[in-house]
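The structures considered in this document are given below.
First subunit A sits with subunit B, and in the next complex the same chain sits with subunit C.
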Partner chain A sequence: MPDRGFLRLPARNRELALIALALLIATTGFAAVQLARAQEFAASPLIAAAFFAGAYLIAHLVVRITLPDADPYVLPITAVLTALGLIEIYRIDATLARDQGLWIVLGLVLFVGVIVAFRDIRRLETLRYTCGAVAVGLLLATIVLGSEVNGARLWIRVAGLQIQPGEFAKILLVIFLAGYLRERREVLAAPARKVLGIGVPALRHSLPLLIIAGASLVLLVAMNDLGSSLLFYVIALAMLYIATGRLLFVGLGAGLFALGAAAALQITPRVQTRIDGWLQPWADEQAQCCYQITQSIYTIADGGVLGAGFGRGLILNSGGGTIIPYAETDFIYSVIANELGLVGATAVILLYLLLAWRGFRIATTADDGFSKLLAAGLATAVAFQVFVIVGGVIRLLPLTGLTLPFVSYGGSSVTANFAIAGLLLCISQRANRERA
Partner chain B sequence: MNRRIGNLFIVLAVGLLGLIAMTTYWQVVARSSLEARQSNVRLVYRDLAIDRGSIVSSDGVTLAESKPGTLDGRTVYLRDYPTGGLAAQLVGYSSLLAGRAGLERSLDPELTGSTGDLAGVINSFDRLKGDTVRGDDVILRLNAAAQKVAMDELTKLGVRGSVVVLDPSNGGILVMASTPTFDPNTGLEQALSDPGSPLLNRATQGLYPPGSTFKVVTAASALDAGLVTPETNFPGPSCIDSGGQKLCNFRDRAYGPHSFGYALVHSINTTFAEVGADLGKDQLEATMRGFGFFSRFPWDYPPEQSLPSGIFNRRGNLIDPSAPIDVPRIAIGQERLLATPLQMAEVAAAVANGGQIVQPEPVQEVRAPDGSVVRRPSPVYLGRAMTTETAATLRELMKQVVDEGTGGAAAVAGLDVAGKTGTAETGTAGKNDAWFIGFAPAESSRFAFAVLVEDVDGTGGDVAAPIAAAVLRALTAQTT
Partner chain C sequence: MVDQALLLLRVGVLVLLYLFVWRIARTAIRDVRGSSESMILSPGHGFDPQPAPVAPSKPATPGRLVVVASDILPIGAAVVLDQPEVLLGRDPHAAAVLDGDGFVSGRHAMVRLRGGSPTVSDLGSTNGTYVNGDRIAAETPLFEGDEVAVGSTRMIYEPGTTQ
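Entry: the complex of A and B
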């Protein structure tokens, strides 16, 4: 295991060793749940663990062949995160875990597809406007065809499946912005004229950015969800900052969004409820505003420093449902904090920090603007999503309907995040090979 | 561009570390205060992890027990009351919905094994470890067979009422019935809003004018003060003038000259009003205090479910000691005098017991899960209500009440029953609160009782005395 000599190992061998470690964690976790809840479950989980291991080993082999110089940490991090999520979902409901296992395998298939298709990441740059158009199309489809779940309009039904197009639109938007900003960053950074002593770029160059700002607010109202629109907007601002270095844009953008959001809140009662629950959760714990968040906090606090242990927390009620509604999706972090305690919850956040660090490191080592912007944008997308959803369930921020990447139950979320992992590996392959 | 990428990473890293800080706050700093919040449903589930002890009657009938079930992979214990409404008010309930009441509440530390002694401390460690804690079992003095007869008799008449039977030698509660009743398994939610107040333990929370049963207290006071002997002569008009108002005998009957003893046996109001006037407020109130009036009995039951008896003002509070009272009318158990059936059973028990007041005691013994006896309460004497001689005199007179007076319907073949009837006006014309208090056998008594029936047409002798007889028959059938 990791020692002084570990970093001198070839990248792919490091990756394999860490994946093996992740699989060890997965097997231990499944066994622990099985032991804690023996009277309820059958012997299938070890088969599931073996299937999980097989899928990851195949993905590793494909990386070994196609991207030999790629970052060796991204894939093992996703392995630990998906394993933790799968174990807790299994602990909540074995049927949901079977689905989630399928999503993980599908996610790895998409991951393999991405690294085979975009092994040369520059091919993606040529597709930037297509990506932008598809992203807008997906979001429009969600608004027009979408069905409301728990008050938010984030899903569309296709062939009996609930799909969350926003998860994919997010990636396509980052690709579009990376291409667009690399192309225009000089003109955006160099002001064409001064208004009130502030340099502003020519309207035709900044128009797309204003469109993004407006569109995010439209999404807030149309989807009835603060989380998604905030996420899109922050990604755009972060990439704009990296491309132009103009904090003024970021400040103006943030102010614009805050004003717009404050106005939009007046017509979105669900978001208002969430704000009430954030500010005054103890006022009426049984009310719609506050039940989820107060139960989440009780569940987290109950875990203490060391937690109850895998499968040993109190998560389900007497009816067999979860005490916190949507525990397997939005509130999976609360379940982890309950069963694994502060130690486990901290480990999960540090894993995301590590993943973000690898993403930003890939961005700094890449030598072309598109790759830098793409890697930084994707890393921001993952890290900020974690910040918003975990911040929501621990009452640091208002609660929103985002998933915890790789951990929450949900096909769209899992597969989209694997696509992000694939793109990061493709960028790092090019950067590392050229440096070598 | 790399410097800006680094800056962005730092901003996001600070955000993620903020998540760790906030999680630490909930799991370490705020944990104990969150755990203590009443609205935290986890508290309820924690209680369910305790295998609460059973409550069993002295004749071996299980009144409350815990049945195992499953919640999220762990064993939990749900409360079950196999006898339903049999002794629902005395036993009470332990419910997720309505909290706890009755003995389930007052004996909670023993039933949950969380007493302050060593066993309780060991249990609290088990609880921290998540192990199942098994509470102690409680065996009551209650006689379930006699309790059932009492409930059946009241239910048969379709009345609201109460029957209390104490063991005069040790205060043991042998019967404590109250109607209407409720099923704590299924009827709790409905009972909370029932206008018939089935949750009310009429034996300890019901306040009723004691009527002529109170003449036992007046007689004790007068005999102890040396004001009268059983032979003291009184005139027997149908009515007298008391404080400007007429005070009459039952059905305005005139008796002619008679002894004080005869007046008790035949419940002559005019005589007792006169005796009360002679006793005066201070003397009568001192005797009442000796019997336990004006304060709660300090027994093993939730204090708010055991009300003091006494003289109440218009707002329903006990009167000030200095407030003026209509002594003659108090002396015959009317005016603003109200008593619980438990208090009147204590009056009878004091006569049976040579004048001593003994504390009501629901518990026979508390047993640890291994069967060993944890606690076996011994009798607690709360003081003397009258001299032994006065008690002996009253015992003789109360025997005559059943043998030749108003309480004939309480007679039980082979058992010397002594008692006193009471028929208190309720303010509604034609409706009375019917009482019968007494003890049996008259010598070396084993049972002291009070029977109360609310709002009936009949008298204490007609309605309440037969119920006492039925319950006494059940008790003697059990114990002889």
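Entry: the complex of A and C
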């Protein structure tokens, strides 16, 4: 069996082989879009693919030098995901694709920066309070200075660029929580007294949970964005559970969530609109609540099992705009489902599954509490974000505006996710090196 | 002609995608089968308390535990591991007296030298002894850079030099 040989290869050669496969996928996809558009082959997809290849090969070489024992699968998975996103964005609009290509290169630069700076991940632990303070600062800045786009206050304009600080605040928050919970987990896990036969931690130790819940609710109201507030809350709750192993926190957290959700329904009309669009999208397809989600469902259904093929799907209207508003960001998954069908859309989910599995696997092999919590927190962040946005566009959950990691168009999202990949590689390097 | 080429490219992309997924997923199967692999590193498992077969040379300078964080000891202070057994705790006879920390037991943890390399074990303390952030259940070997935590005091192990 040829694949036995593959498993025996050194880790970095496996990484290189998988990146080569990712580049083949990218080239094939670009060629298909270009062919469908111009009805003849041209050199431009090859140039795009070569550029993409160069960026990833440089990143691979840096990993080879600085983190020889790191996980060999994370980087290739990001390569396939960014390639699929870039192909579909190119298919929607060539100018957007040029920008996205730039974001991917910038993301890889950040990735390299992270693995060079935090080769020894323990160095990050000493910065935990700095990270926490910067995360809060970023979120406050967004609330105060942010401009509203489509109703949500998530963006800051800096030097002509729109930045979404929440994407970076998310990572900094995970770093802070990993450091903080590792320090406090003994006292958090130890019940102080029994109420109705259940051990309850002392009030001052439950305070973090209450602060997290309160802060998430404040974020929801201040930013008017359901997605990021839910994401922050779930990350914090998951990490609290991983640190203490106490289901009680999860139960309490779910209860607080129910209360918060009920409150949010009363406070923000936007949440009510989203719930309406989720439960009764067909009531008024053209209305603001329902237009996006119904178009998304039509687009996915239109793809069928094998899809229309790259460049062949009904994505653009006669004016050249996308049929689904925000097709290149929030609804990129619907576009992939349209052009690659159920089979291709399933492959994307499988890719995220593999990525999350690598993250949790890195967490189990890591041998210090901080690394375990950090890897598990980052994997949770990526996995839950995928669940919420994919669930939203297929109408499993109320729609919330989150990006699909590595795939959606957007500089903040792409670069922040590459930072996550870099941190995961640093953690795995330390764990694998000590085992060797 | 263009249609056939596009069909070929579409099928090609899907096949390549699944080839990629399959290659990585195969390692997952191997992980599940060989899951004992990940247990080896966890404290207290797979550690062989027998001394190394090669007679170890006596360290020229003993190893040390250097305090990196503590509510009661100055940062940079060191517990010198120059005895076969070094006791950590509030007990005034302990080698490292950690008095004034409510989370430390009288006889909290013991560092033993086995064949020149140290191990740490918890002596049934209330709040536990941690190595690299994990509470230890059994005697755990220490390697260079490992962090031992007792109450609020966190110490990094620095090996001594051998002749």
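The rule is short, and it goes like this: the second predicted complex is superposed on the first by the 423 of 436 C-alpha atoms of A that agree within 3 Å, B and C clash if a C-alpha of one lies under 4 Å from a C-alpha of the other, contacts with A are read in each partner's own complex, and residues count from 1 in each chain.
The rule is simple: a contact is a pair of C-beta atoms (placed from the backbone, for glycine too) under 8 Å apart; a residue touches a chain by one contact, two chains touch by 3 or more.
All figures in this text were calculated on a predicted structure; none of them were measured in a lab.
Trainee: Going by the contact rule set out at the top, does A:311 touch subunit B (first), subunit C (second), both, or neither?
Mentor: Once the two structures are laid over each other on A, A:311 reaches both partners.
Trainee: Should A:357 be classified as contacting the first partner (subunit B), the second (subunit C), both, or neither?
Mentor: In the superposition, A:357 touches subunit B and subunit C alike.
Trainee: What is the contact status of A:372 with respect to subunit B (first) and subunit C (second): first, second, both, or neither?
Mentor: both
Trainee: After the superposition on A, what does A:340 contact: first (subunit B), second (subunit C), both or neither?
Mentor: second
Trainee: Go through the superposed model and pick first if A:52 touches only subunit B, second if only subunit C, both, or neither.
Mentor: A:52: touches no partner chain.
Trainee: Check the residue A:303 against both partner chains and state whether it touches subunit B (first), subunit C (second), both, or neither.
Mentor: The answer is first: A:303 touches subunit B but not subunit C.
Trainee: According to the stated criteria, A:36 is in contact with first (subunit B), second (subunit C), both, or neither; which is it?
Mentor: both
Trainee: On the A-aligned overlay, A:387 touches which partner chain: subunit B = first, subunit C = second, or both, or neither?
Mentor: After superposition on chain A, A:387 lies in contact with subunit B alone.
Trainee: Look at A:168 in the shared chain and tell me whether it touches subunit B only, subunit C only, both, or neither; answer first, second, both or neither.
Mentor: A:168 sits against neither subunit B nor subunit C.
Trainee: Share the list of subunit A residues that count as touching for subunit B in one structure and for subunit C in the other.
Mentor: Overlap of subunit B and subunit C footprints on subunit A: residues 36, 39-40, 311-312, 350, 357, 364, 369, 372.
Trainee: In the complex of these two chains, what residues of subunit B are touching subunit A?
Mentor: 1-2, 4-6, 8-9, 12-13, 15-20, 22-24, 26-28, 30-31, 34-35, 37, 39-42, 45, 69-74, 76, 130
Trainee: Contact residues on subunit A for subunit B in the complex?
Mentor: 36-37, 39-40, 238, 241-243, 245, 285, 294-295, 297-298, 300-305, 308, 311-312, 314-318, 323, 337, 341-342, 345-346, 349-350, 352-353, 356-357, 360, 363-364, 369, 372, 376, 379-380, 383-384, 386-387, 390-391, 394-396
Trainee: In their shared complex, at which residues does subunit A touch subunit C?
Mentor: 3, 6-7, 18, 21-22, 24-25, 28-29, 31-32, 35-36, 39-40, 73, 76-77, 80, 182, 186, 306-307, 309-312, 340, 343-344, 347, 350-351, 354, 357, 361, 364-365, 367-370, 372, 431, 434-435
Trainee: Applying the document's contact rule, which stretches of subunit C touch subunit A when the two form their complex?
Mentor: 2, 5-7, 9-10, 12-14, 16-21, 23-28, 30-31, 38, 40-42, 103, 127-128, 130, 132-135, 143, 147
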